[in-house]
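Shared between the two complexes below is chain A, which has chain B as its partner in the first and chain C in the second.
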Partner chain A sequence: MTLEILAFALAALLMLGGAAVVALTKDLMRLVVGLGAFLLGVAGMFLYYGHAFLATAQVFVYVGGVLVLVVFAVMVVHRANGGRPLVTSQHDIGAAAVAFGVSGMLVMSLRESVGGWLPESGTSGSSIAQELLGGHLVAFELLGVLLLVALVAVLLIVGPGERR
Partner chain B sequence: MTLLWGFLWGVAAVATIAGGAILGVWWERKVSARIQMRYGPQQIGPFGSLQMIADVPKLLFKEDIVPALADKAIFKYAPLFVFGPVAVSMVVIPFTAGWAPLNTSVGVLFFLAVPSIEVIAILLSAWASHNTLSTLGGLRATAQMISYEVPRSLAVLAIVLLAGSLRPLDVVAAWRWWWMPLTFVAFVIYFVASIAEMNRGPFDIPEAESELVAGYFADYSGMRWASFMMAEYGAMIAASLFGAALFFGGGWPFGGALGVITLIVKAILIMTAIMWVKWTFPRLRQDQLMSFCWKALTPLALVQLVVVGVVLVWL
Partner chain C sequence: MTILVLCALIFGVGMYTVLTRREIIAILAGVELMLGSANVLFIALASFSGADPGVAGAIGLVILVVAAAEAAVGLALVVTLSRRSKRSSIDELTEVNG
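After this line comes the complex of A and B, so read on.
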């Protein structure tokens, strides 16, 4: 029991600490480290609730994919000899208000809709697959199409400058 | 109690990798020497086997240099996260029929996912060095590691499809000898992609010593450098053990302790093949590397997947 509480506390600490670093630091690379800690904390949280598959997918997709892309973008855009990249912000109070507003909105909308919708113990990979490829197949595939459209659009926007 | 066991397994994994790296370096020196018609280490101990015992204190006592302009905190601790995930990924390897240190229902995915934390650590260490060559090496390493994850996962997926489970123990239990010819292409893809994932020759473009000095770890010295080295050998050991377990049936045809020995022998054979490849082929070019991954390996892996699917329906 105490071990479970310890694991939960560790995951929560990772999430909160990571989020605090992301919100407060100005150094872009420290920010990425904070984001990584936060994402790992979320994976730990999934694990705590028994969703091993989700936790692994979280590490695979978000830490190994999305976070790497963020660092990659920073490194490519910013030259290595130009000092450390900093996040500059001139609207701290406004940004904080927007952040709190959006998170409040999310919490409220999730609280209403989560109750009956979430699959009953989707702890194993196969139950998630049945859920996604069964009842929600159309939504799932549409999401894929949306991502593809976004990718093609990015290629179109970036394209002409890169032509050799 | 569980915590204590977890701690002990952690120590065991690190010790296995450290010991394996020491033996691996010696074995690699011998293998490369044979390939180049030399003797390799032979002065210290029988067949030069004690050479590494002289090398380890050297690494431990070397000066730990941190560049003046480096981002100190990230520079110092990133190597830990290069080595850590490799050690963690070892725990799901099914050493013999019915026994793996960590028996989890998503073990195969775990083995593929956890080392992706290593990518971010490599990028951060490359960035923290504040050095153009390191940054270039880090970018190359990342592009390569992310790309080759695709064919590697697809190749493993062929086996997962046959076994019908992501639990490594189930895969080993369901394994049949005729999977070997059926998934041979998948194994070759896994083998090549694994070499690319661990940034070893002929895929060592990120650390190409003739152009980038040592790439993303050019500024590291002493034990911090050694942790990059251990991560490379650790990845080699882990990939060989996992490949032997999934594609060659673990301890098949034996069970129990004999099965563990069989698995290790198979893994050593795969490791020797990895070394053989490194010392035989010249380094690839960046564009060759990328087109090989996306235009050759990935479609091939998809074809293999379709073949396995057809066989499954036909069975």
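After this line comes the complex of A and C, so read on.
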């Protein structure tokens, strides 16, 4: 039990610390590192709740894929500026009130739905595959179409590049 | 209860990031915070309610893939905007072309 609480605390710390860095830092590369820590924490939470396949997918898709995309975007957008890429923000008490008001509403509305510490059961990759290729085949195929459309959209948006 | 408070707090931090940041990449990172915390809360609630873990995992995977596609399209827009107008702050992007 102690080890499980420790694992939960570690994942929660990664999520919360990463989120705080994303919200507060002025250095864009630190923001990317904070986002990476948050995404690793999310993968840890998936592991804690017994979804090992989701945790693996999270690490592959996000930490390995999307985070690299973000780093590329930072390199392309800020390459001409020189120096460390910085982000600007307008910290505002009104924005904090709205954001954390929504958090409070979430807690109030869902507080009856959560129970103790541990999940009742875990799942494996094969049971997810059975669900996706069985009862939810249409959703799975639509997901593939969505990814294809996103890929084509990215190619169309970015275009052939600058002519020199 | 801990997971609910944690996820709600991170959702709030993500929303605060979206509302206060001026850099588009930072705003996208805030959206990722909101999507990630919502996905974790969904999986946790499915565990607590005794739902079929296979179904919960499948829906969690769908959320994950849709979020990844959103990030890819968003970053492509950022790169294109930067190449065309050399700007990456939302305050400088005040007009659309269509």
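We adopt the following convention: the second predicted complex is superposed on the first by the 124 of 164 C-alpha atoms of A that agree within 3 Å, B and C clash if a C-alpha of one lies under 4 Å from a C-alpha of the other, contacts with A are read in each partner's own complex, and residues count from 1 in each chain.
As a convention for this text, a contact is a pair of C-beta atoms (placed from the backbone, for glycine too) under 8 Å apart; a residue touches a chain by one contact, two chains touch by 3 or more.
Given the structure is predicted, the values throughout are model-derived calculations rather than measurements.
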Which superposed partner A:Val76 touches (first chain B, second chain C, both, neither): both
Chain B versus chain C as contact partner of A:Gly36, first or second or both or neither: first
Partner chain(s) touched by A:Phe46 [first = chain B, second = chain C, both, neither]: second
First, second, both or neither for A:Leu16, with chain B first and chain C second: second
Touched partner set for A:Thr56, first chain B, second chain C, both or neither: first
Chain B versus chain C as contact partner of A:Gly64, first or second or both or neither: first
When both partners are placed on the shared chain, which of chain B and chain C touches more of chain A: C
Touching both chain B and chain C, residues of chain A: 32, 53, 57, 65, 72, 76, 80
Chain A-touching residues of chain B, taken from the complex the two chains share: 2-3, 71, 74, 104-106, 109-110, 112-114, 116-117, 119-120, 123-124, 127-128, 130-132, 134-135, 138-139, 142-143, 146, 149, 166
Partner chain A, residues of chain C touching it in the complex: 1-17, 19-23, 25-26, 28-30, 32-33, 36-37, 39-41, 43-45, 47-50, 52-58, 60-62, 64-66, 68-73, 75-80, 82-83, 86, 88-89
Residues of chain A touching chain C in the complex: 8, 12, 15-16, 19-20, 22-23, 28, 31-32, 34-35, 38-39, 42, 45-46, 49-51, 53-54, 57-58, 61-62, 65-66, 69-70, 72-74, 76-78, 80, 87-92, 95-96, 98-100, 102-104, 106-107, 110-111, 113-115, 117, 119-123, 127-128, 130-132, 136, 139-140, 143, 146-147, 150-151, 153-154, 157-159, 162
Chain A residues touching chain B - in the complex, by the definition given at the top: 3, 6, 27, 29-30, 32-33, 36, 40, 52-53, 56-57, 59-60, 63-65, 67-68, 71-72, 75-76, 80-81, 84, 124-125
